[in-house]
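Read through the structures below before going on.
Common to both upcoming complexes is chain A, partnered first by chain B, then by chain C.
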Partner chain A sequence: MRNRFPHRTASLLISLLVIFSIPILVKAQSGSPTSVTDDEVNSVARELYCPVCENIPLDVCGTQACAQWRELIRQKLEAGWSKDQIKVYFVEQYGDRVLATPPARGFNWLIYLFPPLLILLGGIILYRSIKIWKAAPPARENPNEEVPLEKDPYFAQIEDELKKR
Partner chain B sequence: MENQPAENQQISKKKKISWGHLVIWIVLILFLIVLGLGLLRSQEGPIGINDASPNFTLTTFEGEIIKMSDLKGKLVLVNFWASWCTPCEQEASEIEMAWQSYKNSDKVVFLGVDYVDTEPEARAYLQKYHISYPNGPDLGTRISQSFRIRGVPETYIIDQNGLIQFVQIGPFRSSSQIQSVIDSLLNQ
Partner chain C sequence: MIANIGFGALWFALVVAVYSIGSAIYGARRKLTNWVDSARNAMLLTFPLLTISVICLVILLVNGNFEVDYVASVTSKSMPLYLKITALWGGQAGSLLFWTWAMSAFAFAATLRNWERDREFLPWVVVVCSITLSFFLGLIIFVENPLARIWVLGGNLAIKSMFPPTGATLLFQTDGRGLNPLLRHPGMIIHPPMLYLGFVAFVIPYAFAVAALITGRTDDRWIRITRRWTLVAWLFLTLGLLLGARWAYDVLGWGGYWGWDPVEISALMPWLTGTAFLHSVMIQEKRGLFKRWNMLLIILTYDLVLFGTFLTRSGVLSSVHAFAQSSIGPLFFGFIGITFIGSLALLLNRWNDLKSETHMTSWLSREALFLLNNFLFIGILIVCFWGVIFPLISELVTGQKVTVGPPFYEQATAPLFAGLLMLMGIAPLAAWQHSTVKTLGKSIWKPAGISLIIPLIAYLLGVHNWAALFGFWLIALVASVTIYEYGRAVIARARSHSQSWWRAFWELTGRNRRRYGGYIIHLGVVLIGLGVIGMQMFQTETQGTLAQGQELKLDQYTIRYDSIAIFDTTDGRNIARAVVSIYKDGNYVGEIYPRRDYYIESQQPMTIPGLRSTLADDLYVILVDWQAISSSAATFKVYHNPLVNWLWIGGLILIIGTFVAAWPEREIQTSRAKSHKKQLAGSNA
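Presenting the complex of A and B:
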């Protein structure tokens, strides 16, 4: 009776060990030592566009070409490459247009320059317009009301012009 | 005379306003020029018969550097393909078969340009179809952009003077079709 308890505990421990080691063994069999998840692949892929299927990010593109690209990203991640290294590789291989955000160089500068410049110009125009509106004389309450000649600004202007001659 | 400073003030105010307008107009005109250039570029259309061939450099998968400018005096067939492109598979063996007829001639050169592809799959494709003429990746998609291709497969045949004489959009039907085009150009 005294020996039964340790024996049962040992059996239980071995059973638990076997149960918990199964998933680890299965994972070791199926994947590479540094297996990369789909989420990790997609986090890189969503910042890239395949030139074949324009305007569709690589992470949701369903073509064979995009599937090959995603597999390439997986291989690079497994080899220990960083996101930036992979993006540089893709630019070297396929050009700047694979990037979701164009790099700020050459003609691309216009993309970054024009919108803020146009907003600034719009702001200036708006500011000036408001200033002009504010400076304009208030409209008369009754437009049909007779204005005495000495108070009429147009009359005063004509008078000034005549005095000059 | 009393009105002189007021007039000057008005003139300087007018000048200031015109400068502002000038800047706005310059920016708008620049914006329109950029838009127009972009539109022109997108509307350029494909490269056609009798157009001069773009001067490109192809680095093959074996590391050999081939410059179009060095191939003057030869008939050059440039085939754009990709391993993910099913119609390319239809013509791969046909192009290779045609190449076998000209590989010993120094008058004809075949070049394969691998468009937007991954290297392991591209190499497997070349091995699968026993392709022996020079092939290389279209690095930075520079070659395909210079030819303004619309997709793959596309094939361009360039004459001895560097002018495009034949364009095939889509796959070739047979090796004899390729040979008949090349032979007729060689006999001209």
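Presenting the complex of A and C:
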């Protein structure tokens, strides 16, 4: 859902961007003052998952590798890449698992379709069941049935007291 | 020697558990009381036997017997005594033993009850408990033995085994690898046992449900017997989840308490079905409805307990291939499959006996609203279950790993949770059987009107996020309905009995603990909801690298980096501890000390945030990085977490409410006994 970038176009674009950004990256690494803030880096890293850890977003991952990936994001941002371009780059490099949710395509559609369909089906079953229950006569009176709340003398007393106020 | 005693006790426990299964089945089939009693005694024996085994492992952990592989993997000489003891559940093999021991304790307690009225349930309860125990004991003895030692064969070939392979000598290690630093936190010390106790306690209501299915005694007796067991299970599971959330907040250093991690979700899933069950059984007790549904819910809860243990213990979460290589994964998978299919077969066999005794009369009756509540809980379960297993299915089918992270769960479950809150606001006012829009409207209009004040105030204070305003209204609705209902009853009792409000409140709660315990739980949920809205809607964060004396702003807060100290501790840590001053609206409000502990032995860092907590918010500061030599600059990540502490307060109230609901109703029993005695005395006179 997040990644609607056509696959081939994205690859081509990334390749071109990588080629053209090399001089900029080299310049950034040579110690020039950075114009990209940590918050900007984190806003991208937050939407990516550590490619090698288990279920840890990149912005909070404490490993050295993740620190290097965040630095890579910084370099890309300095090079003028957009958030989506950086995300596509990471997907190209490490696969769909770096995205916080599976991209809505092919087999992945199942993750988005299955729960609402099942819940909808459950809702229909529930609706029909209640209708049938309402229509059907009682099998027999429930011997364990307790006195309904409104018929409970204690609560009748409470109601009386409230009415007196 | 100690390891051998522990292992012997394990074997003995397995033998008696298997014997109790056979003896109970034989006794039940042939109606031989002696055999059933023998099975019961055998199952009782598993608890002391497993206690011996647990004590042996604790002695080994405390003594530092590093020739035992488990001891070497979770303890080290430098660890304090309490951590050595809690290392019992710090690793896979030990936690399985702890799980089994807790299971045997619950089975022990359940078996000691008075069985006079429910004699026919006894053998089948023993069978279910003993099958579960035998499975786990089998896993421990044959696959994940925490008492196994390391032996050296020939040159350097190390073999993990309980007994020495031919020609092998014992490997005496001088020190162990120590407990995972992340587990060295008070929250994490209590969290796993609470979770396990919650898990295993659900086995008891499941065992009674199976016994009811087998014996054909499908009235609500099994539910009445297990009501308190279910509440106890729910209490422990809730405590486990809350403590896990607090641990994540304090230790994981990402500014939050719940990350929709598969391990977290695996503990949430049985809680969801367990909560649905707690509501649904009330309908069966009051109206004789949903007998099949209640059976299905407790079967689901039991298998989700197993599934949760399977997910966290089989390695399947890291990869389906790891699962295939895992020694316990396929066994767990098989056991879950057998118990689920077997339970469903029993349920289908009794399908016609489990017909509802009455019928639904109104869409707005309390039973209809409870059913809707169950539907929403199951909806959340579907989302959670599918989100957890989809990455595994994807890897299996496409070979591609995917991540299903918080955005999926939050978007899918938010409307369902909102629906649950709405029902919490409406259902307490709906009557059993007959309820109409008119009667419900008449009871709800006052609290509903009051509830609108909260979002209005929030709006006037500058909150213009419609989702947050809707959330505030929902929790205000639940709070006002609950307090209105409670208050009405307290006032009425105070007037009718000429009591103080406090006394009326106390006695009213004692008179119907289940109802008023439930109301207190609802109030706890309201406060938890407040914390969740604060975090989800209003959390802000920033990060910056500061030179000493420099400041960083976030909302109304300013932090100033004062200094950093780097030092070693005697327990094997290298600590970098920063001193940070906090200003709120320009006024100095105190100092906090975010730090990074580096465990030298295990080479693992641990981030401990600096926290300034108030009822309004938390300022949560993490030390991300620093210049090691000059200490002149450090990087901080700062989170502003509004209302988060209401989540913990709400959790505490929820626990109190559960205690109230689960507490034995002594007062009523006493008064009933007194009136009975009076009647007897009267009739005698």
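List of remarks:
Here is the rule we go by: the second predicted complex is superposed on the first by the 103 of 165 C-alpha atoms of A that agree within 3 Å, B and C clash if a C-alpha of one lies under 4 Å from a C-alpha of the other, contacts with A are read in each partner's own complex, and residues count from 1 in each chain.
By our rule, a residue touches a chain if its C-beta (ideal position, glycine included) is under 8 Å from a C-beta of that chain, and two chains touch if they have at least 3 such contacts.
Since the structure is predicted, the reported quantities are computational estimates derived from the model, not experimental observations.
More residues of chain A lie in touch with C than with the remaining chain of the pair chain B and chain C. In the superposed model, A:F114 lies in contact with both chain B and chain C. Using the contact criterion defined above for the overlaid structures, shared-chain residue A:E71 touches chain B, although it does not reach chain C.
In the superposed model, A:N42 makes contact with chain C only, not with chain B. Of the two partner chains placed by the overlay, neither chain B nor chain C lies in contact with A:F90. In the overlay built on the shared chain, the residue A:V52 is in contact with chain B alone; chain C does not reach it. In the superposition on chain A, contact of A:I130 is made with chain C only, not with chain B. Overlaid on A, the two complexes show chain B and chain C touching the same residues of chain A, namely 95, 97, 110, 114, 118, 164. By the touch criterion stated above, chain A contacts chain B in their complex at residues 50-52, 63-65, 68-69, 71-72, 91-95, 97, 110, 114, 117-118, 121, 124-125, 128, 160, 164.
Every residue of chain B that touches chain A in the complex is listed here, in rising order: 3, 20, 23-24, 27, 31, 34, 82-84, 116-118, 121, 137, 139-142, 145. Residues 219-220, 252-255, 259, 261-262, 285-289, 317-318, 355-363, 368, 371-372, 375, 378-379, 382-383, 386-387, 390-391, 393-394, 397-398, 400-408, 412, 431-434, 488-489, 491-493, 495-496, 511, 541-545, 605, 607, 625, 635, 637 of chain C are the ones that touch chain A when the two sit in their complex. On the side of chain A, the complex with chain C involves touching residues 37-39, 42, 49, 54-55, 57, 60, 62, 67, 95-102, 106-108, 110-111, 114-116, 118-119, 122-123, 126, 130, 133-134, 136-146, 148-150, 154-155, 157-159, 161-162, 164.
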